[in-house]
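The two complexes that follow have subunit A in common; it is paired with subunit B in the first and with subunit C in the second.
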Partner chain A sequence: MAETIFKPKRKSGPIKFATLGAWGISILFFLPVAWIISTAFKPKASIVVSPPVFIFKPTLNNITEALSFDNTLSYFTHSIIYSFGSVIIAILVAYLAAYSFSRYKPAGTDFLMFLLLSTRFVPAAAFVVPYFQLFNLLKLKDSYIGLIAFYAMFSIPFSVWILKGFLDGISQRFDETGLVYGASRWHIMFKVILPQVKPGLVASFVFNILFVWNEFLFNFQLGGAKTFGIPVGLFTGSTKGGAIDWAYVASIGTLYVLPLVVVIYAFQKYLLVGLTFGTVRGEV
Partner chain B sequence: MYDIKLQGITKKFDAFTAVNDINFTIPKSSVTVLLGPSGCGKTTLMRMIAGLESPTEGRIFFDEHDVTDVPTRRRNIGMVFQYPVIYRGTSVRKNLELPLLSEKLSKAEMDKRVDEVAEILDLQDVLKRQVEELDNGTRQKIAVGREVARQPRIILFDEPITNIDLTSKLELKRSMKELFGRLKQTIVYVTHDQTEAMTLADQIALMQDGVITQCDSPKEIYEKPNSQFAGWFLGNPGMNFVPPQFINVSGSKITSPLFSQTIDFGTKASSADTFGVRAEGINVSTTETKGGVQARVTRKSIGAGGQYLLDLAVGSLLIKARVSHSIGRTAKDAVWTSIESENITFFDKSGKAL
Partner chain C sequence: MAKSVETLEKSIKDAPKAKKPESKKNWFSWGLLAPVLFFFILMSVLPTIWMFGLAFYDYTLTSANKPKLIGFKNFTDFLANQQLAGSVSRTFIFLLCAVIIQTLLGILIGVLFWKNDKMPGRRLALTLFFTPMVVTPIATSLFWKFILDPTLGVINYFVSVLGFERFDTLTDQTLAFPTLVFVDTWMWTPFMTLMTLAALGSVPKAELEAAQVDRLPITRLIRTVIWPHAKFILGLGILLRTIDAFKTMDLAYVMTGGGPGDRTELIAVSLYRFAFKSFKLGYSSAVSVFLMFIAIALTSIYLYILNAKKKSEA
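What follows is the complex of A and B.
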């Protein structure tokens, strides 16, 4: 049987079939996004036509028109404030929690970590009514404080999980060397250890911003005119005229994905490490 | 510089007692090696000196200062860990300088200190390099140098050479030896490697089951182990132990089929239970000698220094002897052995040397 074992591998062509397949599938996933973006630049007349038009003269009319609506800009401002606000707070809190879990290992750490994630077990719809009542009671409805607190609460557990993985990969000897040098815990946490878990910070930032940026249900229920974000704006704006305004949907949609695309693309190299939860590192 | 006094130090982890009521003084300005097998409590003891663990019971003094409740960062110590702690993304020089930054030294003083340690540790050529580019041995040198440059009063080493590959290990050990010769600090060095301990120590504190069983200079502890454990743990191979059935005691006189002389051991003779002899304490001859005890060679192997290690059977007793190259080479089946009285250490029933 030796011959079969040593038979050289079949030479593959310039582009492997598998590579082509992978490209095909990836493009398939990208199609809806491509449709949204291309629609944003289509002249109104060629948006909803059958067969679809692929070649057209790009125009900015849809986008300028969408932006000229009363609330459009404020939707963006609201989205940016509560998304970035809540995620940054969440990461800060999560880092402190993850540091404690990783370094002090309080009794029952594993169970506590499990409990943390349990908020994500229950479907969001189950919480809508209780939160609505609670927010009314606490007069937090349609306020940034309320929304930021809510989204931060939702973002913390996952961030703790990601960051703890990263922190566990950073040897405690760094902390102890810091202590020996006379550094305070704060100094060690923020000047010695924090820079080493950058990929983890980026990963939790990206995952959470994706969630909060896209979240519709709670923003719709707990927010209001002063705090509605883009998803709610898109939903209400798209049906304003009685029929669905595809030009509006596509224009806002395009502007809406833009910041995310930029953020994710810029941090891609950190993100890949982030997806492994830092477990690849081991002791120092 | 400070000496380190340990008073009744005990450390318990739940039911496990890692360090058990140690009363001991680590002398100032010298190198004390805590040596012992894994799990004997040596690292725990060192971490308590550093303040990274707090003792369950007992007090720790640096000279007259009670530091038991003083946090690590106020103890003015240096510590090198098993895995080199280096700061990635910076140069070697920056790594050495980092802890000095908070001490508000003048630029000249800082450079002087860094250059000094770089010279002792042979790091001048890599000062400008990035730490990521360097091997583990060099990284550990950086970690050592960083502690030295800070000039704390006490420097603790927690098995710094253990995780370094073999070739860098020898070099690092040499650098450490040279460094320790120059330093005036009180140095505590933890290791389970006896050759490291023998090379570097002014005194070795041998630990077993959370207790320091003996503390002496390397030579003393090797030649005069105060327990069977010390005899067994130090030396490669460890001491030969001859069980009671090969010892005859009558009054103050001790005889054994293993040696031809009669040893007068005075009043202590009655408590002699076993005796130990080091492999190199056994004289071996390939020709019959007067008073020699005949032994059978069951195995021989050559060591790194060209000496031979012989496994000998004297009747039913098996012992190991280290012999010169020429004797080892020519030793055939039968050899004749003798043991000088001063190479024999008697132990009582509990394993304590008499």
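What follows is the complex of A and C.
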């Protein structure tokens, strides 16, 4: 649509220049990450040297070494368990709530939606202390139950907002037709309406996993050796013996960042709705 | 004719609702909400009440004294604390610098991608471009620490090749703060580009085509066609970015630890330090209560823009 408006008289020249510019900016922004990825494949002697090495024979030694440390693999499994566990629970309960908000609009809907959104706008550090004490009191520290419950709450506001947005876009006629034909409410919710909000489900699933996966502070304070995830592993594992172990940072950083790149590529059309808490939808 | 069809449709729409008993509908709607309310009360309301309570106590984890009710003393202490006032104003300077730079850059890059909507490999280019904003700040901080390292860092290598003296940006009194803004800009400019693309995408194509037929000059095109539609999403983007910049903690904590001195000490970093370095739980809760009210105010503004957007669309 854009080029129908700004179509230049000589088509090939300026367009190509702009394309080059767009690609150049993309590569420039990716360069720091690319540098870390390339560092992960350097021979150890070429990492901690000055001047930096640009041409080298790639090796997997750093990555295999980083993975051979006792905790490394467990960071990944912990992250997978608590992020998937919490997000699945969150989406399930959020769908029920979003359906209720969208179809029945119980008294106080707007206020509850407001409260849910505002919980995501408070700096995380503000809530660490009460959670820390609550977790100590309930003996939930360093337990999956505690972390999954916490991250479920962490994911619920966003899921409710995103799913309500999608549900509001689906005509109530579907519900009414179902009722007229004698379908139960559960049948309507899960067999008629649910398939139609699939994009909302995908978006809230992918982005909640991403947010939980990336969360550091609460995992650091409420978790422990049995439940530390990747960001904490990257942080604590980076400072072995005083100095920062750059080979470790680069290796684990690479293993962490590559799936992210794939996720953004695969789910690019959900990126907007995902990063605006479901409040903005549109094509990019 | 058209009107009678409309009223017929309306009566069909209203009919099944009217038949359903109100109380049963209410019971069902609250039943659906119950699980979320359970989580919300247990994991959000309870800690918030706890936090409010703590804010009125003199409670230091490391001291032998029992927690003591001291009323508003934590709040008055905190309002009188020059150091904390420094972190608050520093946070606002950080937020202003970061959001303004990121918005301008984001809009420029957004327009570039908008005009190139058929460029080869657009999806891959956008993927590379969007990567910085989904990397956890812990990883970002460590990555940049490596890149900016005075002896090992690749940036300082080029600086020395160009004949300048190597510098240690993260411990430099004057450079530390701009470096933090710079890394934050690297992380979040893609977000403003994303919002710009969405804002431009929200302009109806028919209006753009009509403007083209009328040969509207570019300034008038922006002012009368694009801006009235794009302003809402752009506004939401700027506000979300403001809220996030206000929350910045991990980045400053890992990259500079608030230093050198207090040059990069943002409010969230101070808060974390009060709670987990000096264990002043009562005091840190008072600061948290203050931050929570700011967050609630920002949420209200956010929803205000969102509602204005909905109204203009309707």
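In this text, the second predicted complex is superposed on the first by the 237 of 284 C-alpha atoms of A that agree within 3 Å, B and C clash if a C-alpha of one lies under 4 Å from a C-alpha of the other, contacts with A are read in each partner's own complex, and residues count from 1 in each chain.
Just so we're on the same page, a residue touches a chain if its C-beta (ideal position, glycine included) is under 8 Å from a C-beta of that chain, and two chains touch if they have at least 3 such contacts.
Keep in mind that this is a model prediction, so the values were computed, not measured.
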Contacts of A:234 with subunit B and subunit C, given as first, second, both or neither: second
Touching partner for A:256 - first (subunit B), second (subunit C), both, neither: second
Per-residue contact with subunit A, leading partner among subunit C and subunit B: C
First (subunit B), second (subunit C), both or neither touched by A:171: first
Touched partner set for A:179, first subunit B, second subunit C, both or neither: both
Subunit B and subunit C footprints on subunit A, overlapping residues: 173, 176, 179-180, 283-284
Of subunit A, residues touching subunit B in the complex: 171, 173-174, 176-177, 179-184, 196, 283-284
Complex contacts: residues of subunit B adjacent to subunit A: 50-52, 71-79, 81-86, 88, 99, 102, 143, 150
Complex interface listing, subunit A residues touching subunit C: 1-6, 15, 18-19, 21-23, 25-27, 29-30, 32-33, 35-36, 39, 47-52, 92-94, 96-97, 99-101, 103-104, 106, 112, 114-119, 121-134, 149-150, 152-153, 156, 160, 172-173, 176, 179-180, 185, 210, 213-217, 221, 230-232, 234-235, 238, 244, 246, 249-250, 253, 256-257, 260-261, 263-265, 268, 271-272, 275-277, 279-280, 282-284
Of subunit C, residues touching subunit A in the complex: 13, 16, 25-26, 28-30, 32-33, 35-36, 39-40, 42-44, 46-48, 50-51, 54, 109, 112-139, 142-147, 151-154, 157, 160, 186, 189-191, 194-195, 197-198, 201-202, 205, 208-209, 211-212, 221, 233, 236-237, 240, 243, 246-247, 249-250, 254, 267-269, 271-272, 275-276, 281, 284-285, 287-288, 291-292, 295-296, 298-300, 302-303, 306
